[in-house]
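What follows is subunit A paired twice: with subunit B in the first complex and subunit C in the second.
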Partner chain A sequence: MDKNRASRRWKSLAHLGRFVALTLAMAFICLPGAWIVISAMRPTVEIMAKPPVWIPHELSFQAFISMFGVIGQGGVPVFAYFRNSLIISVTSTVIAIGIGMSGGYAFARFRFRGKSAMFLGLMLTRTVPGIALSLPLFIIYARLGILDTHFALILTYVALNVPFTIWLIDGFFRQVPKDLAEAAQIDGCTRWQAFWRVEFPLAGPGIASSGIFAFLTSWNEFALASQITRSVASKTLPVGLLDYTSEFTIDWRGMCALAVIMIAPALTLTFIIQKHLVSGLTSGAVKG
Partner chain B sequence: MKGPRISTPLLLLMPAVLVLCAVVVLPLLLSLYSSFTAFRLTRPESIWIWISFRNYENTLTDYVFWVAFGRTVLLLTLALNLEMLFGLGLALLIEKASRGQRVLRTLLMFPMMFSPILVGFQFKFMFNDNVGLINNALQSLGITQTPIPWLIDGGLAFFAILVAEIWSSTSVFAILILAGLLSMPREPLEAAKVDGCTPWQSFRYVTWPFVMPFAYIAMTIRSLDVARAYDIVKIMTDGGPARRTELLWTLIGRTAYGDSKMGLANAMAYISIVLSIVFTVYFYRKLAAARTQIAAEW
Partner chain C sequence: MATVALRKLTKRYGPIDVVRGIDLDIADREFIALVGPSGCGKSTTLRMIAGLEDISDGEVLIGGEVVNDLPPRARNISMVFQSYALYPHMSVRENMGFSLTIAKRPKEEIARRVAEAAAILHLEPLLDRRPSQLSGGQRQRVAMGRAIVRQPEVFLFDEPLSNLDAKLRNEMRTEIKKLHAKVQATVIYVTHDQIEAMTLADRIVIMRDGHIEQVGTPDDAFRRPATRFVAGFIGSPPMNLVEASIADGEIVFDSGDRLPIPAPYGKSVKAGQRIVFGLRPDDLYPSGHGLNTGHADNVHERSLKVNLTEPLGNETLVFLDFAGRDWVSRMLSPRPLAIGASIPMTFDLSHAHLFDNATGAALAREEA
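Our next item is the complex of A and B:
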């Protein structure tokens, strides 16, 4: 009887401990982001205040409004950066998905010599650190005269995204049973029709989420963009964020507002794909 | 059809191979070549001056380089191990949680959406000695009276960068390990319990071997972009103060674009590329081994 009670107390204690640990961990995860959002909406005086003001007295969207104003706040043309980011990310994603689909299909459905070496080779191109790759790209693009253009960044991001897109799409095609396409072919479809009418729609959601993943990679990339872009003609948002720090005094509120603008699309898109992303990465982990 | 027939899979892979050759492989060959020259950005004709291994000699005998190299390896080792540990702990906690698993999992995705540059900015803001959240909190609680110079002192700045790294990548581990835990069959665990295993034993000998491949997937994904630390450091301290947080990658950037010594920077870049490749191949092999082991046992 006594032993029972002791064991029950232990259990509830362990339960409480887990709850506390989980709460702390989640606070650690959520707090920094929340703090950025709050700081973007409060007046600069409050950010600078000593002793600190914890609960904002007034919230306003002033920072956002002035950011998209005529020339942008503090001379940082946020609107142009936003447009560049959008054009570059969307275009490179569409192209990377096209290439990734054909490559992923090859890995999922065919056996060929050197398959795993090929796969590893593709992945290894992704391991090259951005800053190391930026050196020769800088030289080449400068020679070709395409430095500081959308085209240069789009081309670079396609190459950056292809390996991972192939990995993900390979996983999604593998989840579609082979028999379905074979059945369609027996019923008179060509291989192409079987792919287009049967396998593609089934793998569709997965492919869409790989697309979103590629979009986010381009949207967030900094190391390459910071060297290949030079001016307002092609600078993206992450590079723009650094504009703020290079100024003499740091405009914390403006930076926080820009950060919110960068994170908003990423936040929305990630929520849409979260389920598919995990299953795409892990499929094949157990099945081989 | 005329000419040699190319097999279908190779044809399908062709676009990927072409793009990667054009944007990654060929440029890397160029940078390999230029790492043997005295190439300076300011004097374009210097790309033809062949100096054989002198750049590598200079790099490998340079004290600054080795300090940055050692710091990079230390940061990666600490970060990867701690991320793995925290990720595993978090995954186990969430798996045990009776309610709100979905909400918790969604919250866990949060840091993954942040670009490294944003992570860096966010922690630059939080660790700022004057307006930062952390110093404000410490002072309000009366723990210290004077502001702590988080990003100004070398050791503290390293710690701040480590915290930023861990914040941004722990959830990758947690999410993938959680996926592993959730897909695990129940029977072996129950059998272990019936056979009288302690919780530790059933974790060590039943759960862990099953979850391991998932942890290695996370490691492989993570090792693919270890260089994201560059973005974080670039915005947080830019390798400063006085090079006390200089990493391999910030050193490369500074040598190439700051001092315009492209040839020398390319030599360093090659060393960093080899480092990344060794990392990735190591984890990829572990992953492959874990996969076959799982396939054999289950």
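Our next item is the complex of A and C:
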């Protein structure tokens, strides 16, 4: 009996320990995000205070209000930046997913000459640090006359994302048994129908997560965007944050407020799609 | 309903011939089993018939028409996969009705035909479940149901029972046989299990290394194996096959042991010829414990040492020492035997088989 009681006590202690550890980990992970939200609503004095003021004394939405105000008086062209970000991220994600699906499917299903070399080549492009590309890209785009356009950024982000989406989606199509597409073809599907009615729905969650990944990369990218964009015509939100820096001062509160505006849609999108990321959807397809 | 014919059917992967020009005629409503060890090309043959694999050379005819270049959907076939290949994102009902949905049949017709197939296979209570919620045997039945609903001219089965446990496999085997009687379609059934092939098929096709070793009824394959390979492949436990020479009008094993030449082969052997002597465990038994105790003229008796016994209840497999190796014998109405003891054994030579050692082909037999 004593052994049982000891074991039970040990178990509940371990449970408590896990709870505390996880809470601490979550607090640590969430702190930067929470700090941005809090900083967006407190006066600059408090933000810069040393030692830090942990609990804000007063909260106000002043930064958000002036952000949408007159440009030059704390106002920033939020809508224009937001629109640019949205157009560039959505378009580049859609294209990257389209190419990623075709490429990933080909790598997963077909045998062709130079397959592994090509795959390796795609992966190697990821080893180049993005910032190293900024100068060559700037020169090329300047010559082509596409600096400061949506097109330039879309092109850049598609190129950045495609290797990764191909790699991810290849993995997801590999998990869909080949037999299923064959069974569908015998059931009367064309090769195309078999893809859309059977293989695509099963790889869907994986494709969605590659989509989130590609979207967030484009949405948050700063280094290249800051070089390639010049004006309100194409500046994205991350580049827009720089509007809060002037020669001698940085408006941290305004910057944090804009960051909140930037985080919100990305967070919402992730929440929406996350529901569909049910793993193990292919279980029960094959074998007993 | 349809006939199926293969004409010099060949499949090459680069320099390797997986299927080497096989010819086969399958009658309407016939149940044919393709059987052989793994890698013999049986599954590839089936996949070429299905249209899932390109044909390197030769022709496949279904219902008298060459279908080489038709896609699978235009061949009017159904296939049951070894892995079942059920669509995991659809319910059992949707899985079974999928082919009709694709063919844009009216909803009432789909519902009716799915219900009919479900009734045949006792699947009614499972129609709204997902494949992941089914047991192996149930998935197997759904896979068959999906094949039936399509009402094809030819059913193709690719090792459909090999993922099931032994008991379930026996049950499903019976179900498949009943199913064939009900749906009256041509069936091509691939298996590596000779018992499945023997019990199910009208004719079995024994394949090895991409070619056909023998085509015949299960009885043919068992009683009149055309080659040494077939003799060793069909039957469980397998036939005792031992190399020997013909000398002095007798069979002389390499160990020096001798047996008389079986009467049906009296004229087909030559002195000095290298042969393989084959005798089924059923035709080698402890004296008084066999099936064919009648014809005394073709039996040969000698005393052999018992190495091992495997009691199976109604019979016992006895492993004996003879001609320098282990021979298996089947003892009916068994009695306990002492390991190491010598017991009188009967060789029923009227059922012995002789094969040419070089070609593996059966020697000509003169039936009494």
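Here, the second predicted complex is superposed on the first by the 221 of 288 C-alpha atoms of A that agree within 3 Å, B and C clash if a C-alpha of one lies under 4 Å from a C-alpha of the other, contacts with A are read in each partner's own complex, and residues count from 1 in each chain.
Convention: contacts are C-beta pairs under 8 Å (C-beta built on N, C-alpha and C of every residue); 3 or more make two chains touch, one makes a residue touch a chain.
The model shown is predicted, which means the values in this text are computed figures rather than measured ones.
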Could you say whether A:198 touches subunit B, subunit C, both of them, or neither, answering first, second, both or neither? second
Answer with first, second, both or neither: which of subunit B and subunit C does A:37 touch in the superposed model? neither
State whether A:90 touches subunit B only (first), subunit C only (second), both chains, or neither. neither
Of the partners subunit B and subunit C, which touch A:136 in the superposed model: first, second, both, neither? first
Based on the superposed arrangement, let me know which partner A:124 touches: subunit B (first), subunit C (second), both, or neither? first
Name the contact category of A:177: first (subunit B only), second (subunit C only), both, or neither. second
Of the two partner chains, subunit B (first) and subunit C (second), which one does A:188 touch, if any: first, second, both, or neither? second
In this superposed model, does subunit C or subunit B come into contact with more residues of subunit A? B
Partner chain in contact with A:208 - subunit B first, subunit C second, else both or neither: neither
Which positions of subunit A sit in both the subunit B and the subunit C interface? 281-282, 285-288
Residues on subunit A engaged by subunit B in the complex (per definition of touch): 18, 21-22, 25-26, 28-30, 32-33, 35-36, 39, 47-48, 51-52, 54, 98-100, 102-103, 105-107, 110, 112, 118, 120, 122-133, 135-140, 155-156, 158-159, 162-164, 166, 216, 219-223, 226-227, 238, 241-242, 245, 252, 255-256, 259, 262-263, 266-267, 270-271, 274, 278-279, 281-282, 285-288
So in the complex, the part of subunit C that touches subunit A is made up of which residues? 50-52, 71-73, 77-79, 81, 83-89, 98-99, 102-103, 130-137, 139-140, 146, 150, 163-164
Touching residues (chain side subunit A, partner subunit C) in the complex: 177, 179-180, 182-191, 193, 197-198, 201-202, 281-288
Spell out the part of subunit B that touches subunit A in their complex, as residue ranges. 7-10, 12-13, 15-16, 19-20, 22-25, 27-28, 30-31, 34, 86, 89-90, 93-94, 96-97, 104-118, 121-126, 130-131, 133, 136, 139-140, 167, 171, 175-176, 179-180, 183, 213-214, 217, 220-221, 223-227, 230-231, 234-235, 249-250, 252-253, 256-257, 262, 265-266, 269-270, 272-273, 276-277, 279-281, 284, 291-292, 294-295, 298
